[in-house]
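For clarity, chains are labelled A, B, C and D in written order, and residue numbers in each chain start from 1.
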Amino acid sequence: MSGNIEIRTIVGNRNINTVTDTPVTDPASSSKGLEGSNAFVCQRSKLVRYTSSCTGSSSEDDDVSPREKVQKNSAGISDFCVRNINQHAFGRREIEIAEQEMPGIMALRKRAADDKPLKNAKIVGCTHINAQTAVLIETLAALGASLRWTACNIYSTQNEVAAALAEAGYPVFAWRGETEEDFWWCIDKCVNAENWQPNMILDDGGDATHLMLKKYPAMFKLIKGIVEESVTGVHRLYQLSKGGKLTVPAMNVNDSVTKTKYDNLYSCRESIIDSLKRSTDVMFGGKQVVICGYGEVGKGCSQALKGFGCVVYVTEIDPICALQASMDGHRVVKLNEVVRNVDIVITATGNKNVVSREHMDKMKNGCIVCNMGHSNTEIDVNSLRTPDLTWEKVRSQVDHVIWPDGKRIILLAEGRLVNLSCSSLPSFVVSITSATQALALIELFNAPVGRYKSDVYLLPKKMDEYVASLHLPTFDAHLTELTDEQAKYMGLNKAGPFKPNYYRY
Amino acid sequence: MSGNIEIRTIVGNRNINTVTDTPVTDPASSSKGLEGSNAFVCQRSKLVRYTSSCTGSSSEDDDVSPREKVQKNSAGISDFCVRNINQHAFGRREIEIAEQEMPGIMALRKRAADDKPLKNAKIVGCTHINAQTAVLIETLAALGASLRWTACNIYSTQNEVAAALAEAGYPVFAWRGETEEDFWWCIDKCVNAENWQPNMILDDGGDATHLMLKKYPAMFKLIKGIVEESVTGVHRLYQLSKGGKLTVPAMNVNDSVTKTKYDNLYSCRESIIDSLKRSTDVMFGGKQVVICGYGEVGKGCSQALKGFGCVVYVTEIDPICALQASMDGHRVVKLNEVVRNVDIVITATGNKNVVSREHMDKMKNGCIVCNMGHSNTEIDVNSLRTPDLTWEKVRSQVDHVIWPDGKRIILLAEGRLVNLSCSSLPSFVVSITSATQALALIELFNAPVGRYKSDVYLLPKKMDEYVASLHLPTFDAHLTELTDEQAKYMGLNKAGPFKPNYYRY
Amino acid sequence: MSGNIEIRTIVGNRNINTVTDTPVTDPASSSKGLEGSNAFVCQRSKLVRYTSSCTGSSSEDDDVSPREKVQKNSAGISDFCVRNINQHAFGRREIEIAEQEMPGIMALRKRAADDKPLKNAKIVGCTHINAQTAVLIETLAALGASLRWTACNIYSTQNEVAAALAEAGYPVFAWRGETEEDFWWCIDKCVNAENWQPNMILDDGGDATHLMLKKYPAMFKLIKGIVEESVTGVHRLYQLSKGGKLTVPAMNVNDSVTKTKYDNLYSCRESIIDSLKRSTDVMFGGKQVVICGYGEVGKGCSQALKGFGCVVYVTEIDPICALQASMDGHRVVKLNEVVRNVDIVITATGNKNVVSREHMDKMKNGCIVCNMGHSNTEIDVNSLRTPDLTWEKVRSQVDHVIWPDGKRIILLAEGRLVNLSCSSLPSFVVSITSATQALALIELFNAPVGRYKSDVYLLPKKMDEYVASLHLPTFDAHLTELTDEQAKYMGLNKAGPFKPNYYRY
Amino acid sequence: MSGNIEIRTIVGNRNINTVTDTPVTDPASSSKGLEGSNAFVCQRSKLVRYTSSCTGSSSEDDDVSPREKVQKNSAGISDFCVRNINQHAFGRREIEIAEQEMPGIMALRKRAADDKPLKNAKIVGCTHINAQTAVLIETLAALGASLRWTACNIYSTQNEVAAALAEAGYPVFAWRGETEEDFWWCIDKCVNAENWQPNMILDDGGDATHLMLKKYPAMFKLIKGIVEESVTGVHRLYQLSKGGKLTVPAMNVNDSVTKTKYDNLYSCRESIIDSLKRSTDVMFGGKQVVICGYGEVGKGCSQALKGFGCVVYVTEIDPICALQASMDGHRVVKLNEVVRNVDIVITATGNKNVVSREHMDKMKNGCIVCNMGHSNTEIDVNSLRTPDLTWEKVRSQVDHVIWPDGKRIILLAEGRLVNLSCSSLPSFVVSITSATQALALIELFNAPVGRYKSDVYLLPKKMDEYVASLHLPTFDAHLTELTDEQAKYMGLNKAGPFKPNYYRY
């Protein structure tokens, strides 16, 4: 670990409509980071439970650090570092299942396999490592890339999958439960390999970018492009750009249309229901719910809950979104006006202290409180940690907070993202994101000189459309093609893009 | 075990829109019964996991039969038989949580506590024993009844709850994992107590009724009324009535309006989503789904799935229901016409072999198949047990059935009721049922001589309405009262009933 | 006009989820009847405008009574009495258009044409006479019946259609704008024909039945069956039956399942929107609406308005329906609680004075008030006829009632059925009713002796199902057939009926 | 008519999600323009019918041209030219009714009346002249502006309203049924007034701008700003800008967020239902509908029709929109795949020949075909004008086109915009547009020098939000305000704007 690199513990889930409340910028924040990452731990524990129930044993508790072990895969190669290479078979099976649920990225693999659009690309990857990202990794390889991979989170690695990747010959450096030092060591192992000069970075949170820029500035200058998918990483790229330190083109895939709709509207519309059911078994019919924030996430939640017979109230600061809520049939209120009567409170604002202690003092017995927004600051959970209130953990991710008069509110995931903590992210959503990442890599790697400068770009509309088109066969959806005459009339290329950049969808 | 009593193993879940495919009538069916009850085992295992994660230890594996143990509660009473009286504290907490989620039955307890409408009632109860039924039991006691209780299913008893009831002084005879002999011994202990002549039966499946009628015919003649809530039990009562053997009035609460709507339409509209999410993490948006049967259950499923952006097809044999499906925006098809294209197949017909091997041969890779209907016969699961197909259990309640060409279909709960196997029944739904049962007991016990003959009755409309009214405060719903003038105009009593018996709601 | 027959003016539209508030039983009510029938007049005037815009001329204003004219059709026959036989071509075209929109009755005509199930039936018909009923009339003839027809309402006859029927050789006695005396004269002409002894009655309101019973009791005794479709007529039949005066079997087709769902739920869900739009051009999105009554009509209205983004409140007296409203996501309130805030008030209770002057005093400026229920009593319109309020008719069927402070409420159709006054009844709905009537005639005419006694019957379930099945091809809906094995398992006949009589759909 | 001005007849309805297929650029197109404007004629004729039904008489047919009449208002002023000044009372009443239905513009009038933000503004207005635009005109005056007004369409003037404005002292030059020469004469009278130098233009179609630029270039240079709301006018402005001829700032209010959502999504979701009902009385339940194009208009139509129980198919060329349709539960198909089976075909693409003769040849009998898109080119109506097909006009805006085998398709509004032809635009939608126009005028008139250059601008986000906020009280919607702490955390001004420009809503 180089002394001039900030030591940080990485906060989980940066890549899924998530942003840490305060960008982590100094070592002191590491413990906070650890706390914040509990959300992901919970999710992982669920996966691990599933895993262990099938394999019978887990080497999670293995005492020896992977860095001290000597392991080789079947081909005799040892350029990797995982928990236990012997778990590869189960990991492979997980990958195979994921392949079936990720039609878009698999279609891309198939269509582009002959072209090898990533031939000669040398990619440093730093993402979560699980069955779904493995499908992305193997797709990039199938498209011609050579790559080295590490984890963007010390808790999120699915060890069996890492083993399967290592067995398949990929230089993977990641395991669940890394120390902070391990974390940076792994990135370093990816970046700094003998006889291997990387020319692309696929980052999720900005740490690989950060390390290379700081520790290997010469190497960094030879990079052709960076693809970043997290809010945090994008934020850091824009700051680099503003500071004049970004010397290569970077692509912000976080804000592409297709990905955004899936991460927010479509995914949340299902996961709010799933999260509430799994954690509380609540019956929705007839319940009164207030949703704070009517952005894409709030819209998704409202639609789903209204569909189940809830009476939905919305709070908003933006009059345009408030008018949308009205036109969608929801009463727009101030939280104070309804907080005594509602059965469920959901935050989706990206703001802080939207639900305050004062609000929670007024809630009725049994009220469920949870957060679907960006960060764990929306509900002022800290205000509940006072001596007069009793906390009772009734199951994983579910706390009863009990007032002196016996009133209980049901707090989910301690105010962290409830859909990440209490439900699963469908592989289909990950397929959208992965295809977006792969296309961004292809675009940056193959772009003629001059198309991209040292700046942060959005995915070109045409590629955004292509990601969507890759996923249409799943729905047996048949696109209509413009005739020549129609294309001319509309002033469009028959292959797209079909909309101006400002189009709102 | 008395020789003149049929030895039967009890099939689980008879009381929740469930009927066993073949009414159990002879000992030979016991192994089938065992198989059928797996559904409930799975559900219980989930609850038990939750339980054990909280208590740290479970005495499930206790080798000694409860019948051989000597146990006393804190008051020194030993007129009970449960797994382990020491678990009572945790059971009590479970009951207290359930009380909060069962507003209707708790309201009844409060309203009628002074009247003691069940004073002098001596009730033999034979139901599932869990936190929710404990709330019913303690309510009946609060209304003045004396009672003895046993389980209607050898697998479904929540031991901690049984312990809590025993600790509270109720003569409870039940534990999870009874043998068939235990089962009948327990019922006998309830029925045949010293110095205690029962005058009411609350039954769920008809076994307590059956035993008393066969073994204690004289005692049976003194019964004032039977309340039965299961399809199976009701079927047996009607057969007794036809055969002229029913010598007491019985009330079929299974078909009361309020209960039926909750068991079928409202509950299933939520549980289909919950079940599919928990077992498969499937994303619903854009999926094509065929629902076989458009009764209340099918209507609930269709509404929920359409709400999530599924394309819903319906199959029906009844032209009236088919027309309803059309008017609700679903294409009505024969299964064969769509089975190659759909992503999910759901049965809700009450019929057998609705999904045949031939259908499953045509399904596409990844198709999910599950049953929301009455019995485990709707999907011809047995037809899948052939040498050419491979079964792979990927998690609890989820099997991949693999065709020689690699095609997999995803079979949930082996064709049993997926909502019982893969999701939880909200306490609110149980509250409706419990209130219905309690009111039926009150009605039969207090009815003037001559109101009921030795026949099977439906719950009087007015009581059905009362059950509904008990649950309105949950939704802060405010009923309008008729003025005298309006009541006269409508020819109605201001207190109801408000509709003729044939009203369809 | 025979002296011993009560002279009555007939209230329009009794057959469409309509009942007059007080059954008309004496001559004194005739002026009231005239008022009540305004609803239909409005609808007719719309049709007439359409008519006249196409034909260029109308003989509505013809001064000579049809009874004084001598008219013959092309075949030289004069056994009819219509306004103007020369209008037949346009009437025929109207009938042809209606045929295309009435698939069920046309399918019945086609399927049963060879069987002639009404051979030898001699039917006296007394219904509205318009393009849609003409389709029914000609279908009955095609099935073998001989018939004579008259109008059940003095205002509702479509003269061109009557002419077309006369031209086709049917003895039709009806015109728009009959006097009361004309009305009974026409019925008499149908009933009392030379060499023609009727054996069936198809009635809509009970007047043909009434006249025959009173004036030709001997003839009445030879009737094989009566089919009645209106609430009023059914009410009168039940009274006859109670009084022991019903000497023939009668069928109440008003309460058949299929017809009821279409008349109430499906039709009203569309017509509430249509009525409000046509009369007020109101934009629905975001509007607050209170619906009084959550029966089938209220359910239909609520579903439609919620779908358009309205916030819907419901008032109910029946706790079961109130619970349904809650589960469907509507707040259940007392009218007083919301009447100051809502934008639209809709009544659908069948009750009287549901919206009182006191309520209307509290409504906000611009509030729209209308009635979708049984009668014109639900809104206390008379209470608005006080000197302090000003009425301003802003267009047909729309009155502004203006308070002294300038507040206006917008009253539609003076509180009569707004969907009849301000929108059209789709032919498809009439097709359902007509097919139901035709099948009831067939059933009664062909029933073996003893199947029906001198009582009032509901349409047999199987025929109800048949009506539905006749309309399925419109939706390209494909019914599934039971296999022999399944039918046996279910205990059903493969041809139906498929449900017990108490089934709630 | 000045010789150097292009003589054009103006196409109606340019301002409501409408664009003429070919921008009108030379005199030869005038007859086409006339044809195109039939759509509006129909709408007007409806209004006129309403009008005449209330006033009893109309001077539409007045033979004398208004230009040849000498008229004065009550104040003795004659600086106007309308059909008949005596109609002013009825026009005033129409305006008063409209005021009640246009809460946003009225709120603006009230809030800004003291500030007089348009003091010293001298506005030339060229828009439709009807009750709703009169509310805008009088609001602008109340805000301090002096103004002269003319019509942007020769058919769309509501004569009574023009009279009311003239009576109130506004120099209005417009009447229904102007000749082309009249049209340009009226504009000229507005622009070129003695002692009145205009400094702002409010245009709808670009004609006032065009005339002033061509005929009075010196005057044009003194203009401070142009506000344009039509697609066509905006198009022309962008062309001027490209050509370097735009010497003043212009604001494109057509693409403001609030207006766009109302014009397209919210308005069309209601008007598609209204249009189809009023023109065909079709019953929606169970009908199969294909919607070509899934932009905002297509989304609105789909949502409404699905809500009424239609089976909705969507065609799309853009994979992102196609994916949205899939996620919303609609099958995405090529038109050819479903055209034989559907009951209704709706176009909403902005493209041409989306429905071709070949498609229509395949449609089934009774299929309804209509257009909700930009222009009358979407359905290839001309291809239906062949000798083998018979056209039969069955009512206003409804043609049956009959194939030799008797098949009929029902063509609405001859392929023009069906919602403009067959339904009304709610005043609330116009209120949104009017408030947007007024705010754009205020912004341009008061902007400090340098804020706007000679270019075309979108309405600033903050003003867009303000338009929305003006309309929230209608829905009793209560906005939440950011605390100082929250505003800081979000990096937002507490008064907005709240979203980045690229936000998609």
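The working rule: a contact is a pair of C-beta atoms (placed from the backbone, for glycine too) under 8 Å apart; a residue touches a chain by one contact, two chains touch by 3 or more.
Everything numeric in this text was worked out from a predicted model, so none of it was measured.
Farthest from chain C in terms of Cα centroid separation is A. Looking at B-C and A-B side by side, the one with more C-beta contacts is B-C.
If you average the CA atoms of chain B and of chain D, the two centres end up 59 Å from each other.
We define each chain's centre as the mean of its Cα atoms; on that basis chain B and chain C are separated by 43 Å.
Centroids of chain A and chain B (each the mean of its C-alpha atoms) stand 40 Å apart. Along chain B, residues 266, 285-286, 308-309, 323, 326-327, 331, 475-477 each make contact with two or more other chains. Across the complex, chain A is touched by residues 257-258, 260-261, 266, 296, 315-327, 331-335, 337, 350-354, 377, 464-466, 468-469, 471-472, 475-483, 485-486, 489-490, 496, 498-499, 501-502, 504-505 of chain D.
Residues 50, 53-54, 97, 100-101, 266-267, 269-270, 273-274, 277-278, 281-288, 304, 307-309, 341, 365-366, 394-396, 408, 423-424, 426-429, 474-477 of chain C are the ones touching chain D in the complex.
Partner chain B is touched in their complex by these residues of chain D: 285-286, 306, 308-311, 323, 326-331.
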